[in-house]
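The structures considered in this document are given below.
In the two assemblies presented below, subunit A is common to both, partnered first by subunit B and then by subunit C.
Entry: the complex of A and B
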């Protein structure tokens, strides 16, 4: 392994790593917000809207992310949507994630016992208050592992963004490999970076889980 | 103690003629299955009315219609003269959510499964609606919640999450959550059915205290002892109809209605050993 490579390409790789994290974080944020909104809209008793959202979710989940990204970036201009590579990458990642997050949230919404909502209704609480104070906290408990899992998956999906020339880690690594033929170092370095990122995400996730489920711990053997 | 008495005290002047709950000709169907048929029932202020009957007789459904958690199809339900769930006049329309909320503020409900919010402490459960519905500030709501927990004998458990409480304690917290809102009327949907036998007594005691303080209560129950000793009126439901109605004495001892006799006999057999 040639250490001069690190000096030469280090800054570019670090920049790439930064771009990867930026795309991932922004993509997750868009995915989570949009996914939650889709889940809520789907609760409305409007059949065409429900069908539309279901179709969106099925299409996103049924096609490769790579193709979605191509469509958005290369096909976008033909309908007047001209996006810069990084913007397209972030948006694509967000749209991709939103379909999965919407499904996770839907399962979470349904997992909140109906009785807890009825108790809130019977006390005269508004739907907004019930959503904020009863449903979302309940959902968080049941869905957090799945949310963290999806976020970890999305860290790895960011490599696809290199295809549309987003200067993220994969892109910088490929540049380095092409210029130096140091293929082994490149692949090893990449694996290390992504593993590090996934590890950090899942650790944070575990911490968060412990936090939101603390009221369930020490449930003792109190019986009904 | 004081808050409950205040809530339960009927207004000094006027209004005494208007019943707390008036149910007239109420019917409901799930598809072709008629679960409630032509129900008439009046509950006056400070009365305790128990709904008894075999499972599937419609008593829980009727109770849930009173605060419109369940939609009834025919007839009228009025609370303090105000129509529940529908606008006055014909053709009638469903009330807006806002109107329903206003109505529900005065009607507390206690559920078989307690339905506490597991992510909030006992105190948090009781304080929540005070903040969200009554608009109290957090400190005042917490202080009031503490009083209410004290009222049901659980001041020491204020900071415990529901998962750490026994079923009887959870149900008492659920009752505290309701009485904190100073309801004019309380609905109980089999409040002791999910409890181990040794925990039933503590919940019934709290309910007895409420009744003694003059709270108007409609109670769906299988506790015949409670119905016999605490209720002013007992309604026996069977196949969606009120098959017998009267004082506990009239229903339990003097009713000639064969279905009532059979139900009570089954009950006695099950509870003797």
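Entry: the complex of A and C
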């Protein structure tokens, strides 16, 4: 590969990487917030609402991400929902993530010992306080590995956004490949780059896990 | 929303769904073979085989499927193998699936009590027999839920092979909606078909699990 290509396409690739990170971060944020909200709403004793949320989760998890993106981006305008590619991409990533995060949070919510909630209730804590000080910290510890894993999966899903012409890294790379005819080299480079990226995200996640669960090993050491 | 559009397109969509299903099934079956081989290679005690298997698993789990697909699609002609897109697509799905399947089997093998292979060894079973008669059958039974899950994941992932022009469900939806300008209805229909297939697979998985638990 010619080194002048790096000078020529470097800025575009960097910009693409920026868009990739933006889509990933925004998608994760939307997914986490919406997923948490869905999990909480599902706890309410309203049957139709529970069924609706369950259907939402099953539909998102049962259909390909690409089809969801096409529906949002190409199907949206038919019902007056006109989104720019990047906006549609971020929203799509967020909605897709939210279903998986909602299930992760639900498992986490159920893993918090009932006795802790009852103890907090008997101490007169409000539901908001219980959620904030008992349930969420407990959930965070048990769900963090799954959340990190899902965030790593979403890193990989960002490349699918290139299909609906979001100008992220994969899209810029394909433009470069088409213009330079160095298709194979470019894709190989991209494969190695994403391999590294996913590895970095997973490693950072494991570090975070170690930090968050640090107190667990401390307390078990203290008991031993 | 015009439902007549969906009715008109339905025969084509269902035909394409058949392609989606058999491409995914083929991917999972070949993935099984690759996965078992990689898993056995990594457990064999040969250091080189273990490292090679580890790199394979890490690469195919770490690199987005879309990139793997394009890599294989563009690599094969470079090394002088000219194959139709469908073959490249099945190859990519199998290789990706193999990496996940080998990890599923690795987990299941750990669940088979170690004493069993030791007992077989003490009775003079050859290594190959220990694998084929004792370890793999039990590992398979333990992995059934994870394998069904893998099939569902692969079925969804197969939508990406539309990119290299394989006329499966997603590609066909794209083609139809480009000609009738009704993307909403067509993609909704495609989504429903995916959902139905996955629902059927999940149900089949539950039945199979129950069956295996009884047996």
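By definition in this document, the second predicted complex is superposed on the first by the 217 of 224 C-alpha atoms of A that agree within 3 Å, B and C clash if a C-alpha of one lies under 4 Å from a C-alpha of the other, contacts with A are read in each partner's own complex, and residues count from 1 in each chain.
Here, a contact is a pair of C-beta atoms (placed from the backbone, for glycine too) under 8 Å apart; a residue touches a chain by one contact, two chains touch by 3 or more.
From a predicted model like this one, the values you see are computed outputs, not experimental measurements.
In the superposition on chain A, A:141 makes contact with subunit B only, not with subunit C. When the two complexes are overlaid on their common chain A, residue A:113 makes contact with subunit B while staying clear of subunit C. Within the superposed three-chain model, A:70 lies in touch with subunit C and out of touch with subunit B [touch as defined at top].
After overlaying the two complexes on the shared chain, residue contacts for A:160 are found with subunit C alone; subunit B is out of touch.
Touch criterion not met for A:18: it reaches neither subunit B nor subunit C.
When both complexes are overlaid on chain A, the residue A:10 reaches neither subunit B nor subunit C. Of the two partner chains, subunit B is the only one touched by A:124; subunit C is not. On the side of subunit C, the complex with subunit A involves touching residues 1, 58-59, 62-68, 70-71, 74-75, 78, 152, 156-160, 162-163, 170, 173-174, 177, 182-185, 187-188, 190-191, 194-195, 198-199.
On the subunit A side of its complex with subunit C, the touching residues are 58-59, 62-68, 70-71, 74-76, 78-79, 156-160, 162-163, 170, 183-184, 187-188, 190-191, 194-195, 198-199. The part of subunit B that touches subunit A in the complex is made up of residues 67, 69, 97, 101-102, 104-105, 107-109, 111, 113, 115-121, 128-129, 132-133, 161-167, 169-170, 174, 177-178, 181, 187, 194-196.
Remark: subunit A residues 113, 115-116, 118-127, 129, 133-134, 137-138, 141, 212, 215-216, 218-220, 222-224 touch subunit B in the complex.
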